[in-house]
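Dropping the structures in below, format is structure tokens.
Two complexes are shown next, each including subunit A; its partner changes from subunit B in the first to subunit C in the second.
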Partner chain A sequence: MENSLKKHRVGWFYIMIPVLAIALFYFYPMLDALLLSFRSGMGMNLEFVGLLNWKRLLSDPNFITALSNTLTYLVIQVPVMLVLAMLMSVLLNKESLKFRGLFRTAIFLPAVTSLVAYSVVFKYMFSPDGIINRFLMDLSLTDAPIFFLSDPFWSKVVIILAITWRWTGYNMIFYLSSLQNIDKSVYEAARVDGANAIQQFFKITMPMLKPIILFTTITSTIGTLQLFDEILNITDGGPGNATLSISKYIYDLSFKYTPDFGYAATVSYVIVIIVIILSAIQFKLAGEKE
Partner chain B sequence: MKRLKSIAAYVFLVIAALISIYPFFWMVVSMTNRSVDVTGGRQLPGTYLMENLNNLFGQVDMVTALGNSTLVAVISTLLTMLLTSLAGYGFHVYRSRRKDIVFNVLLLSMMIPFAAIMIPLYRLFGRISQVAPWIGIDTLAAAFLPTLTTAFFIFFFRQNTGMFPEELIEASRLDGLSETGIFFRIYIPTMKTTYAAAAIIAFMNSWNNFLWPLIVLQSPAKKTVPLLISNLGSSYAPDYGMIMSAITIATLPTVFVFFLMQKHFVAGMTGSVKG
Partner chain C sequence: MKKRLFIAILLLTMLLPACSGKKTETNADAGSAKGDGAGTGAGTTVTAWAWDPNFNIRALELAEEAYKGEIAVNLEIVENAQSDIVQRLNTALSSGTPKGLPNIVLIEDYRAQSFLKSYPDAFYPLTGHIDADDFANYKIEATSHDGEVYGLPFDTGVTGLYVRVDYLEAAGLTVGDMTNVTWQEYIAIGKQVKEATGKQMLSLNPNDFNFVRMMVQSAGQWYFEEDGSTPNLEHNEALKEIFRVYKAMLDADIVKLNSDWSQFVAAFNSGDVATVPTGNWITPSVKAEASQAGQWRVVSLPRLQTEGGLNVSNLGGSSWYVLNQDGKEAAAAFLADTFGSNVDFYNTLLADVGAIGTYKPGIAGDAFDQSDDFFGGQKIYSDFTSWMADIPAVNYGIHTYAIDDILKVEMQKYLKGEDLDTVMASAQAQAEMQLR
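For the complex of A and B:
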């Protein structure tokens, strides 16, 4: 009895530091951000303003732009990337495919790069005298260079292409490792029953991968909602505010303009609210509990 | 028809692989060329590698940045390994109803977007600066403290501890080993592959971290490699050859580790969601 009490204490001792650290660096800041959202002022001098920050959100054109840009990235980029990743993983899972390892390694490689490093590379590739313009002109697809990064439409396209390049292989690896866990005999049985490849995919593969699809959808959603490194390093939010994301706007409010931590915290809570709503919807759609 | 399908699959995969690799190729080739040649679209290796490296290490403080990044990555990886594996072990081996509740609460922190807490964190470190300036704003310690013990790694170790044979713990106790002794002398050596996988991910996260260091590190002497590259990338008259060599140097360690330990790498990324 005494022994088990001692063991019990050892257990709490082992988990103590991380528990305290996560409380201090994650949960306390969440609470502080909520309290901050009811205060306003410059720098560290803040006073209580009630719901003023929350009202300001609705009439702040920069916030509306940042929100709609972020949702645009989310709605277009995440589905495109996950479908591509799924397609690649299904192709790479075929044992008859030659050079499987080579393809897998090549497609996964972008996932090991630093976000800053690859962003700067993309910025240069898409500059007016960059390699992409040269390529397009060599193929006579365009006569004059396209100013990708100073055009409101193309700059968004570049951001979406960049994120897709960086994260498709990453998600593909998750699908591939789950596919490899599916028992081959299930497919054998389906084939005997006369199911074709497409039926097999929707009736066997998709249901089996449901948990991992849910996982990648949620992590990609949270990731895209926090988009920052690419925006700062490829376009700096421009031209104008054409590529501004919510995270970049929070950063600008806090560290670029005259700091208003109260309002910045309010904007940041919008991300929290969106994450909660979208995750709840995704869980519901997937019909899973965990 | 079947033949056609298979050709289509290869074409698709070849294009995907080429698009994935091309930026790496361009980055390495540009590292050996002059700025004019890079904008001129040169796709072949040149002879300006040494000049670019000389510029990089002579004109900007790449040495300091590399030193800072290495120091932060090594220390934070070691501490993360020790603290989160202890916790993961603790949650699994000394399992109790109350610990399970604490664990589930910790998992919630994985849903917290960093953007939502960066301002309170900055204020928190402002206050820490007043009592303990050596871990406050503009110190390397502040750059890694908030992400030292994440729920992700605790979850990862707790999950993997399930593979650690319970009988080994019982046997060690009968042999008279203390609880701490079991962890350090039996558990750690047995779980080498789990540690390797986690270490790779922890190192990469730290090496590539940008937003928080950008906020908390302010003086030039404290800059890490991503901060330096971001600075170089935003210059009005960029020296492409030099910047590409900085980017290649920043990318090398993670690419190198990936090729060296591909299995552990993938296990680290996917291992925590299985089961």
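For the complex of A and C:
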């Protein structure tokens, strides 16, 4: 026993460096933020308030709107995006398809554009005299321009469209890479047994992709919960607070209003809690034993 | 082969933004290098942050030329977006160290109290360096805290109503009909103009409460009681009247909605709206459309039909602050010698950048008496300065933008048909609970 400890001393030393770095740069700030969430006040004048921030949270209509908006994005956008990504990856994996590389690049390209740049483009596309409105009016689908960004419903739609455009290709790449790892003989065997394309998809492709589906669901969920750039640049949370997300609200509390970093930390911990809960549910549903 | 092409394109697209990123970086480097080069002479180096190269940064450059004080000063001007300045100040000051912060910083008046209260001792009082009585009253109110003046007032946001004469004439009206009117009369004229020309009266962004803030100050009111922290929404008659006016304008269909600043500017540059009620700082943007020369006039802002409703107001405006760290004396001396006392400098400021200062002796010079052909020969600057004297002083308090966001939501509810007293009571309740 003692001998093995000695033997592994060098190994322990190597592992200590990243462990200390992670503790210092991840766990310490997390712990500090937790302590901060029990304090409140303007700027530097923070004082301990106990659970007051958490009480305030429950009766804060802005926070509740931000939470329900974020969950709306989550519930609508993540499934739509993942189904689209899956569909495209299966299509683009077809050997018989011409110009596959071109299509793959085209669909993946949005994922490498800057968040701010594409948000601004979306904002102008959906402005009252933007290209979308002109298109709709030229086709006589509407008489007057639709005020996409001044309408509580349409502004949410624009945000969902924007993030779907940005992230579908990114998720598609994961599916594509794992599709290529599925042994072709499995499909051949299925065809010999008389399975049609739909049966092959649901009985072979889906189960084989399960770990990747789980991974993309979790990362997309976390990504949507942290939604910020698009909100700030496309709608600035408006009209009213119809598109406000939790992250945007944290930003407002820290930098737009008179700073209350304590309460902002409380709100940010809500995201942590939601992420933990949702991830646990997703693991359970996917049936991961470990 | 296809794969290789895919990777090549991918790499290329990833490199492109990287290149542009680098480019801005070198620009920034070049900027600071230039500052260093200028700062080789003897003297204290004073850094200053501001956000508009055509306006407040240019004003700083002019101030550097005009400076003749005893302490030699090397001014280093750094351009930052306003939101970046706010963020950097907040992060640096809340960490308890002024390291990396400038000596002089420009802060919008609406945010001033928030900084002064949140970070006591972070700013250096200028009370001994300037004479507060020399400046417009409402500016001193906004920049003072605990009996000390912390800000050196810079530009005024004195408001006016920019009107298109040709559109008024098409409706059989004159500029006189638009002078010293109430908002109700304004709406009635708006309907006439719309009927005659098909043009909307003004452009508004429902998510920007500039318009509301401007109107509420015109009645000598604000979102708070005089203490600057007790919310005054539920029984604020001025605010209620503003909500009614806002709704009436939308109902009369005289508003062209916009969703950001460039659309707002485009609305009057393209000739889509007949008037622009806003701060005088919009003048350069109005004049930017040279083809409309001679068509514009500036009249006083319409007033609210409530107690104390005036035809003048203020919208925005900012002041210079000195951070309480090494170099504060030099920074304060620099500001006091230029923005704080130099009358000629204010003439240059107006002639060169079109900035109307709030230093009373400085705004009486010749430059203010010039007529402007773009505005049909009107002496707009002397009009603005005469209105400035009447701007009611209000305490902007510390939560202006937080209340803005509460009211935006309630405004949407009110426009959808909820009762005015109910939405105001709800706003009051939220404000009381959230802000303390």
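We adopt the following convention: the second predicted complex is superposed on the first by the 267 of 290 C-alpha atoms of A that agree within 3 Å, B and C clash if a C-alpha of one lies under 4 Å from a C-alpha of the other, contacts with A are read in each partner's own complex, and residues count from 1 in each chain.
Here, a residue touches a chain if its C-beta (ideal position, glycine included) is under 8 Å from a C-beta of that chain, and two chains touch if they have at least 3 such contacts.
Treat the numbers as computed from the prediction; the structure is a model and nothing was measured.
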Which of subunit B and subunit C A:Asn45 touches, first, second, both or neither: second
Partner, of subunit C and subunit B, that touches more residues belonging to subunit A: B
Partner chain(s) touched by A:Ile173 [first = subunit B, second = subunit C, both, neither]: first
Touching partner for A:Leu139 - first (subunit B), second (subunit C), both, neither: neither
First (subunit B), second (subunit C), both or neither touched by A:Thr258: second
Subunit B versus subunit C as contact partner of A:Pro152, first or second or both or neither: second
Touching partner for A:Arg56 - first (subunit B), second (subunit C), both, neither: second
Touched partner set for A:Ile131, first subunit B, second subunit C, both or neither: first
Which of subunit B and subunit C A:Gly238 touches, first, second, both or neither: second
Subunit B versus subunit C as contact partner of A:Lys123, first or second or both or neither: both
Contact residues of subunit A, present in both the subunit B and the subunit C interface: 44, 105, 108-109, 112-114, 117, 123, 236, 254-255, 261
Contact set on subunit A toward subunit C in their complex: 42-45, 56, 59-62, 65, 100-101, 104-105, 108-109, 112-114, 117, 123, 127-128, 147, 149-150, 152, 235-242, 252, 254-259, 261
Complex contact set, residues of subunit A against subunit B: 6-8, 10-15, 17-19, 21-22, 24-30, 32-33, 36, 44, 84, 87-88, 91-92, 94, 97, 102-103, 105-125, 129-131, 134, 165, 169-170, 173-174, 177-178, 181, 212, 215, 222, 225-226, 228-229, 232-233, 236, 246-247, 250-251, 254-255, 261, 264-265, 268-269, 271-272, 275-276, 279
Complex contact set, residues of subunit B against subunit A: 9, 12-13, 16-17, 19-21, 23-24, 26-27, 38-39, 41, 83-84, 86-87, 89-91, 93-94, 96, 99, 102, 106, 109, 111-124, 126, 145-151, 154, 179-180, 183, 204, 207-208, 210-211, 215, 225-226, 229-230, 232-234, 238, 240, 243-244, 247, 250-251, 254-255, 257-258, 262, 265-266, 269-270, 273-274
Complex interface listing, subunit C residues touching subunit A: 2-3, 5-6, 9-10, 13-14, 17, 83, 86-87, 90, 93-94, 96, 114-115, 117-120, 122, 206-207, 257-260, 263, 398-399, 401-402, 405-406, 408-409, 411-412, 430, 433-434
